[in-house]
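What follows is subunit A paired twice: with subunit B in the first complex and subunit C in the second.
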Partner chain A sequence: MLYIIFNTNTFVTGINLATPILLAALGGVVCNKAGNFNIALEGFMLIGAFSAVVGSFFFKSAILGILLAVIITVAAALLYGLFCITFKADEIIVGFGFNMFAIAITGWLLKPVFGGQGSFYNPSTPVLNNINLPLISKIPILNTIFSGYNIIVYLSWILIILLYVIMYRTSLGYKLRALGENPACLKANGLSTVKYAYLAQAIAGLTCGLAGAYLSIGSLAMFTENMTAGRGFIAVTAVIFSNAYLPVTALASILFGFASSVAIQSQGLGFQTQFIEMIPYVLTMIMIVLTAFKKKSTIKTKRYNKLLYKIISKVK
Partner chain B sequence: MAYIQLFCGAFVGKFNIITTLRWSVPYIITGIAAAVSFKAGMFNMGIEGCIYLGGLTAALVGTYVTGLPAVLHISLALLAAMLVGSLWLYIPAKLRAYHGVNEVITTWMLSYIAILLCQFLVAQFFQDHNDLSQAAQQVRTPYVQATAKLAQIIPPYQLNTSLFIAIGLVIIFYIYSSKTASGYEHTMTGLAPDFAKYGGVDIAKVRFYSIISSGAIGGLAGATEILGVHYRYIQGFSNDLGSGGILVALIGRLHPLGIMFSGIFMGAMQNGARGMARTTNVSLDTVRIIIAVVVICITAEGLYELFKIKSKVREGE
Partner chain C sequence: MSETILYLKNITKIFPNPEKPIIANDHINFSVRKGEIHAIVGENGTGKSTLMNILYGMHQPDEGEIILNGRTIKLENPRQAIENGIGMVHQHFMLIPSFTVAENLVFGFEPRKGMLVDVDKANQIASEISTKYGLEIEPTRKIQSCSLSMQQRVEILKILYHGAIILIFDEPTAVLTPQETTELFKAFKELKNDGKTVIFITHKLKEVMSVADRATVMRKGKVVDVVNIKDTSIDKLATMMVGREMSIIKRKNTIENLDGKENILEIKNLKCLNDRGGMALNGISFALKPGEILGIAGVGGNGQSELVECIMGLSKRIFEGAILYKGIDITSYSASKMRKLGIGNITGDRYRRGVSKKSNIYENIIMGVHRQSPWATKYFLNPKNLNELVDKLIDTFDIKTSSKNANIMSLSGGNVQKCILARELNLAKEIIVAEEPTRGVDIGAVEFIHSQLIKKSKEGYGIILVSTDLDEIISLSTNIIVMFEGKLIGQIIPDVDFLENKIGLMMGGVTPEYNSVN
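Up next is the complex of A and B:
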């Protein structure tokens, strides 16, 4: 068991599995901080995956594929935002419908665009090249662990830092967080709440577009119906698990990626993999319950302190 | 043209009508399961998990309990499924009602856990090893006893007596929600919790029982699907009935009759779209897109306001 966990192979697979979850979760965190509990990440990713294959196949360039994926997914995210923000619909129901819409529209478009049904695979479609990092690729063990991924993996690492800086060190991030905590603050300062709400959706669209592109043209240029297969929901789980605190979200999504990597590696041993697949959900359940009771206990201690203060003041 | 095909595939001919009804039954039951919790303002996303657990429970009771008359055996299996479904949601219900923990997340996570747990239990302990057909790799239990099977109404077709369970549930839900005092309290808790509290309703209790009973009906849906159609537990038998039920409840606007009609609508879509995909080159996805758009628009209050403003502008002119 330990041999499976501490293995460069597991590590590399873990990073590969974690990247789409991580990217989607980053978008989810920004939305969550801006006051929108976004469960449509799955749908965004699927649309991103589809448009990446389309871009890569027709423009004969994987980079243009990423670009098209990002543009179309941002448009899709803004469409989601249109219903959630402007039309004031329930975000869970819209997210739910949007996921369904994404599965249906990508499945439907397969036929007119590629002429196939169910899935699309063409070996002539360009795939993202793996890039070796200049310095690290010379160090023995680290070169297999930290180098040799494609550009989206490195982008996801940069995005963790970039989004953290934006959310916690700039006035833009301050405004986004204020939108989630108390929209009236923004209004009182003469700022448009609608504008920042759409901006958060656009960021989610950007990261989910990258995540989708990673899935479809990351290693094999192919698209199958509903190919995200619940990764968007695990991203939502990571967001909830971390209580939408960005560094913890990143760690949680990497952990979830590693858990499924270990599950895959231990499949050959006849070990029951269902329990490893359960890890994200069980951890999130425990986390939610713990935070709920923690909040309650702080209230209790406050009350206790007040009582104590009263008693002390009476004694004096 | 395709829509005529869709309609014909769903409603024209004995076979099509019966198959439509067969698909409508689980959608109506899960729709009511969803509506029971939504009516109290609780968004139970864990119906899918309850369907799996209920289905597994019913299959196990149906297989391993022997020597009972058919009526007792079936009711025992159904009741056990309901019990398991409600117990599974006991923790999230308790947490939501008395500690204010978001029920969407907890029920949703438990739903995934339930599906994986069922898969584990069946693969580990109850796997049917005697079956040497081509799908022997599939995770599934042995067939249930003959006494536990729900009878087919018109033998060669899959439609079975669970149709009456669905109709009964619609009637009970109608009477409960519009004729009884506790049904009124239930609706009030969903519409205006503060008002209900002011009126003396124990809203925590109402919320608790709404989630619990939603889980029980979800378990029942799984049990009828297993005992009526598959006669054994098969991993993946639910085929997204849980989210289908949520859609049915929303399209039916949480009204019992609305749920019945939207359940039949969903069943017709399931069945008719298959017919359509066979006869024309329009795929199933077209139908899914229509349903998704309906769902997205259904709570968009702003959309109605937009229409109102437009019509007002026109009147002004």
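Up next is the complex of A and C:
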């Protein structure tokens, strides 16, 4: 029975399912560190998915599809930033509004652009090729687990390391993190807070654009209304759960992917499909509850500190 | 003496304000000599910080110019100030909690290795600069686990790393213990020996006397005088800070004999923390009698607002002491229970705590009594009685409005304050706590509020009047206590000579004993 659930196939499916969540979560972490709690990741991703399929269909190139997705999603993220940063609107309200806007506009554009309704599928539209890595593809087992994915998967792995280095090892990352923790500090150094706030959004636009492209032109060139189906919110959960610490966020996102994969594999064991499909969302809820407990315990520590202070001051 | 390094000429700064524009700096001339320690002394809201923020490029002056080393310079942002060798340690530290000491120190000017920040180099810089100036820090420690005095040292080293030759400190001792203050002043002298110029803002006169070479005294946006510390005394400084030598304030209230009356409110050894975990109140005790107006004077931020929060049941950080209402311990009562007892609270911070900005005048006035008979039963309001009440109050308190259903924000500041006054005086049974009741209102409203408070005290109400406006305290109180750093530094009955002078000294942290010894 275990073999049905845990085989190389589970890994491959897991990585495939984790990739869009991982990418969106990476963007979410950057925003979060820069002081913006971004729940519009879902909307960004959906816009990315739509633009990717449009680019791929009209330019007859999947790579140009990715490029268009990134450009349009970055623009969308900057629009979100316009409301949050320049107009100083509440980020939750803007985020909610933006997600609804994304569903509406992509659904509506389907007809004028492709002439269909509800969904678009065209077998002649180019999709991303799977790439075999030069060395690893010669090693048995590892070649199936780590090789043979499309370019976005490899990009997502590179982005984990790249964004970590940027956030924690470069001057730019210092400024982004300072923005989230003490914006006055930037001002006191004569630096613009607005510039860095927009930059964080642009990075989120980039990663969510890739995530969206992965969904729509990763294996089949297809777009359906609201095709992100809550993956952006799962990414938000990964950000909250990891306390926006990038390595943990990446792990949490991958865990979500693998959980879904295990769920799919266990269909062979005769569970109902609806039950299986529920699993990632239940996992999300469990993670949120766990995070809430963690937060509560830090509050308790604070209370404990206060008690300690009382005792010390009395002794004095 | 040595030459002038910096000259602020004719600086004027006006902050636009819908009620009435605030003139923070009114044609200020301020000069600093090379290598001196220069104190800027004054009460709250006299424009000291504004002036320094202009010098640091955070604010732009509406008029005037900054002359550094004989050259007029324009400072459009702090970066330009830093480039001109001006550094500032703000009252609230500009540090990033999750960064290490060294990372904070080099922030904005990081040493690089290729594309990356060279963390080892940063640590090295931090320890080098630390040894050079004798300010001890731990480069690899996270700021969030550092003490406030270490954080301050990081701030000082940070601006030295930026290459500052003029160092500005905004109330540097506000967060420090006495020992840490001594250490800081030692550092000031070190900096002076090193040829740096130090400017620091304070209202603590003893500090000025002990460390500064010269002092500029400011009052109400203007420079009163510039003095050499050698040629002045603490009394002279206090007089200049408060603004007059002889009593010119007309007392509006009379003192009556209250002996034999029982205390209605008693505060016993109250200790409470502020929101940063420091001591806000450090053992406060006093009693309030009916018919008394107890004035609590002091420079703002010495624990007055925390005291009011404690009495009104808004503080959750009391850890010692008690508040007694006619002998009953009410320390742990919630705000609504306190109000049910009949403690009215007139606040000067009207838009944050005084009124609900989204509600209309009627709703704002009935808040509190809307749970009491005869204005409400257990489950329902009694609109007829409430309407009568509101109409009556609008009439007696002369609130100028077109309708009681108009939004509260359509009123002028003075009229909003009258609404609060009407509500609280109607609600209060025996005790009124008034915190800055006339802040930012016009002179007519001030007169009205003062006369109402006196009227209530004659009716037998006990009133606690917290104010940083000395005129208000002196003209209304029958008994004055002065708060300094969370403690009562002295008490004074306002029928003596040189009253302002004495209070001024206490506000500057000089105890009456100290005064008599000197």
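Here, the second predicted complex is superposed on the first by the 267 of 316 C-alpha atoms of A that agree within 3 Å, B and C clash if a C-alpha of one lies under 4 Å from a C-alpha of the other, contacts with A are read in each partner's own complex, and residues count from 1 in each chain.
Here is the rule we use: a residue touches a chain if its C-beta (ideal position, glycine included) is under 8 Å from a C-beta of that chain, and two chains touch if they have at least 3 such contacts.
Predicted model only: the values in this text are computed from it and were never measured.
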item	value
First, second, both or neither for A:181, with subunit B first and subunit C second	second
Touched partner set for A:108, first subunit B, second subunit C, both or neither	first
Partner chain in contact with A:284 - subunit B first, subunit C second, else both or neither	first
Which partner, subunit B or subunit C, touches more subunit A residues	B
Which superposed partner A:170 touches (first subunit B, second subunit C, both, neither)	second
A:191 touches, of subunit B and subunit C: first, second, both or neither?	second
Set of subunit A residues, in rising order, touched by both subunit B and subunit C	none
In the complex with subunit C, residue positions of subunit A that touch it	165, 169-171, 174, 177-178, 181-182, 184-185, 187-191, 305-306, 309-310, 313-314
Subunit C residues within the subunit A interface of the complex	57-58, 77-82, 88, 90, 92, 94-99, 103, 107-108, 110, 112, 115-117, 119, 271, 273, 277, 279, 317, 319-320
Subunit A-touching residues of subunit B, taken from the complex the two chains share	43, 95, 99-102, 104-106, 109-110, 112-113, 116-117, 119-120, 123-124, 243, 246-247, 250, 283, 285-286, 288-289, 291-303, 306
Subunit B contact footprint on subunit A (complex, rising order)	83, 86-90, 92-94, 96-98, 100-101, 103-105, 107-108, 111, 117, 233, 237, 240, 272, 274-275, 277-278, 281-282, 284-285, 288-289, 292-293, 296
